[in-house]
Each structure stands twice: as C-alpha cells, then as structure tokens.
Amino acid sequence: MAPRPPSQGLSTPSTWHCQHILGGHRSWVRAVAVSADGQIIASGSGDRTVKLWSLATGELLHTLSGHTSWVRAIAFAPGSDTLVSGSWDGTVRVWQETDGADGLDGPYLA
Amino acid sequence: MAPRPPSQGLSTPSTWHCQHILGGHRSWVRAVAVSADGQIIASGSGDRTVKLWSLATGELLHTLSGHTSWVRAIAFAPGSDTLVSGSWDGTVRVWQETDGADGLDGPYLA
Amino acid sequence: MAPRPPSQGLSTPSTWHCQHILGGHRSWVRAVAVSADGQIIASGSGDRTVKLWSLATGELLHTLSGHTSWVRAIAFAPGSDTLVSGSWDGTVRVWQETDGADGLDGPYLA
Amino acid sequence: MAPRPPSQGLSTPSTWHCQHILGGHRSWVRAVAVSADGQIIASGSGDRTVKLWSLATGELLHTLSGHTSWVRAIAFAPGSDTLVSGSWDGTVRVWQETDGADGLDGPYLA
C-alpha cells in the first residue's frame, strides 16, 4: 500500500460552496465587512443603505437607513457592536446595537 | 407555559440605531477606519482631508490637511497612534499622534 | 574594524521578490484578501468570479461562480473557512469550505 | 481650584501631525496597508507598482514592479513578510521578503 503523500496546506481535497445568497439591496454592493465575533455581515450599497445579515443563517437582520447617497465604505469597530459607514453624501454614520429591552426604534428594523 | 426557543445567534430581538452623524467633510467619504483601541474613527474624503472623530461622542477631533487631492485609502497601523493615507495626489502620508505637552502644531487641529 | 551600526528596523539589507503570479481571471482584480491562517488568497474580479489560491504554492484552488456581475468587495470571516463577497449585481454571497468527505459539488471546483 | 473634569477618551488635549510624506509614485495611490508588525507601509498605485516604506523613517524600501496595469488592491498576509496585490491587469501577485543572504534580485530594489 503506497504511503499517503504529506499534506500540503490546502491542496488536500476540500471544496467551497455558496452557503447563502443575500438578496435585498436594490443596487450594487461595493463594501462588505464581517464583525469580529463572526456573526454579522454588513454590506454597503448604492441603494443608500447598510444591511446587516446573520452569517450563520443568511437572514436579513436590519436595514440601516439614513445616508442620502451611496454607501462606499464600512468598518466594524473592535467589539462587533458598532459599525461605521462612509457615504457619497459626505457624512460618516456610527451605528450601534441596542438590546431589545432598550427600545425598538422601528425605522432601522429590516 | 411554552418553553422559550433556544437563542440562535443574533436572531434574538436586538436592533441597531444611528448613534452619531459625523458631518463636516465637504465632499464624499470613500474610506473609513477604526483604530485598534476602538476610540477613533478616521475618514478620507474628496475634500482632500482626513478627519478623526471620537467614536464614543461623535466629536470631530482633528482635520488632517496636506494632501492636494482626494484621499482614497486610509489604514491605522497596529497600536492606534499612527494613520496612513493614500491620495490621488500620488503621495502617502503618515500621521502620528502627539500628546499635548509635545506641542500643538495648529494647522492639524480641527 | 568598524563596529556595525545598530539595526534600524527594516533598513537592514532585505529584499522582496515576486513569489507567484496568479493568472486566470479574465478581467481586473479590485479586491484581495488573505485568510486568517495565512493559507488562502481570495481575489474578486470583473469576470464575476472569486478565485481562491494557495498562498504557499500559488495554485488555483477554486473558482467561485454565481455572481452575475463584477465582484467588488470580499472579506474573510474570522476563522478562515467563510468568505463573503459583494457584487455589482446587488447581492452578497457567503461561501463556505466543506471538507472532501461532505461532498464535492463540482461547479465550485476550479 | 476647580476639579479637573473626567477624561473622556480622546477629548484630552492631543494632536496629530504629518510625520512623513512618502513621495515617489508617479500616479494615484488608491490602496494602502500596514504590516502586522507595524514596520512596513505598502502602497498600490496607478503607476503599476507597489512601494514599500519604513513606517518609522519614511524611507522607500522597495519598489515592486511587474504588474502591467494599475494596482488597485493590496493586503498583507498574517506575519508581515508576504504581500498580495491585485491589478487591473487581471493578475494577483504574491511578494515575499527574502533576507539579504538569500540573494538580492535587483529589479525589486527601490
């Protein structure tokens, strides 16, 4: 029986598949980020919103509205509960997570 | 009384709200970054400046002037006290924090 | 014999060379990312695909197809086995690694 | 004597100044990155090169040539001795540091 060749990093048989297609934006997506805890995906779009998605389930969690033009840059702050977005409208917005007990300010829900 | 379903990551009732709108740039923002200590937001703009903001308060801390064209790329160095910016003017600039005792070179103050 | 001057960071004689040229995309590459374990390079292209490459060998590991327009943004999730891509087609796709035993869904192989 | 107000993050008197202007590229800079050890700045330019600079001294360390069109994306791999660049020419290039003893392949020196 021939000896198995030594494993060379990722050339062992693995593959990648598309786990989720996150649809809902009405225009291009040019910025994506993943929170440090690996749970949330953020996407910035030409539709002037940022959307937050569950990485595990692909579910749309929230649509962050307010920018008046394209969202071109996004970044999570360390800690995963703050997101920063930069827009063609010349502003930067800081978005923060609030737990359910603190109030559900409806306009930001998906 | 029905048992509560198990928590599934972020599908528990949480929401996100806009904590701060950082206004002041006179043109688009196409680059944002957050320092490793989570205290500073940096934004690069078509107005040829980089602005630094307090993530906690939304206050404009400094406006970094010098680039002669659009600022298209920014990155914090590990450690949070050095920022690098790349511009349409063909240069890269390295910005560093100085504590108050070392001199307040006025042009970089907001 | 003159004493050797103290080493000053990277001004000691080092150099950089091109280890691999990763060819295969049929259009521009405007997004690159490296997985946290340093093994995989991901590239997003105007040819509507994401390609995954072995950083060590330069080998093309997989071509991730499905986006119907340019891929403009990519990010690895913490942990290196999930990749997120954003496209001009308005969608975000979540790609995950499957080990060989779980099935080789051919369309995503390079 | 009035008590000093409590420190509020970065609103204590600090300032930022431009430590280095890194000139040398012959076209725009749209991608910058800093190595994990904080020593090297990499910049990708419309002049088809990547340049590496000392963050501490501002010195140009190397010019990485080879791409045949604009360099639009760069990323350091974890570990700081490997850099990945993506270009309008459709290729991704992997650049690695070699210590001086292993050979000085001149074309990549600045």
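Should a chain be cited, it is by its letter among A, B, C and D, assigned in written order, with residues numbered from 1 in that chain.
As a convention for this text, a contact is a pair of C-beta atoms (placed from the backbone, for glycine too) under 8 Å apart; a residue touches a chain by one contact, two chains touch by 3 or more.
As the structure is a computational prediction, the values presented were derived from the model and not from experiment.
K.L.:
Roughly how big is the turn, in degrees to the nearest 5, that lines up subunit A with subunit C by CA atoms?
P.N.:
To map subunit A onto subunit C, rotate by about 90 degrees.
K.L.:
Could you tell me the distance, in whole angstrom, between the mean C-alpha positions of subunit B and subunit D?
P.N.:
Using C-alpha averages as centres, the distance is 19 Å.
K.L.:
Among the residues of subunit C, pick out those that touch two or more other chains and give their numbers.
P.N.:
Within subunit C, no residue contacts more than one other chain.
K.L.:
Line, ring, star, complete or other: which describes how these chains touch one another?
P.N.:
ring
K.L.:
Judged by the touch rule stated earlier, which pairs of chains are there in contact?
P.N.:
Per the contact definition above, the touching pairs are A-B, A-C, B-D, C-D.
K.L.:
Under the definition above, what is the set of subunit B residues touching subunit D in their complex?
P.N.:
Residues 39-40, 52, 54-57, 59, 61-62, 64, 66, 69, 72-79, 82-100, 103-105, 108-109 of subunit B touch subunit D in their complex.
K.L.:
Show which residues of subunit C lie in contact with subunit D when the two form their complex.
P.N.:
Touching subunit D from subunit C are residues 8-23, 25-34, 36-38, 41, 43, 45, 47, 53, 55, 58.
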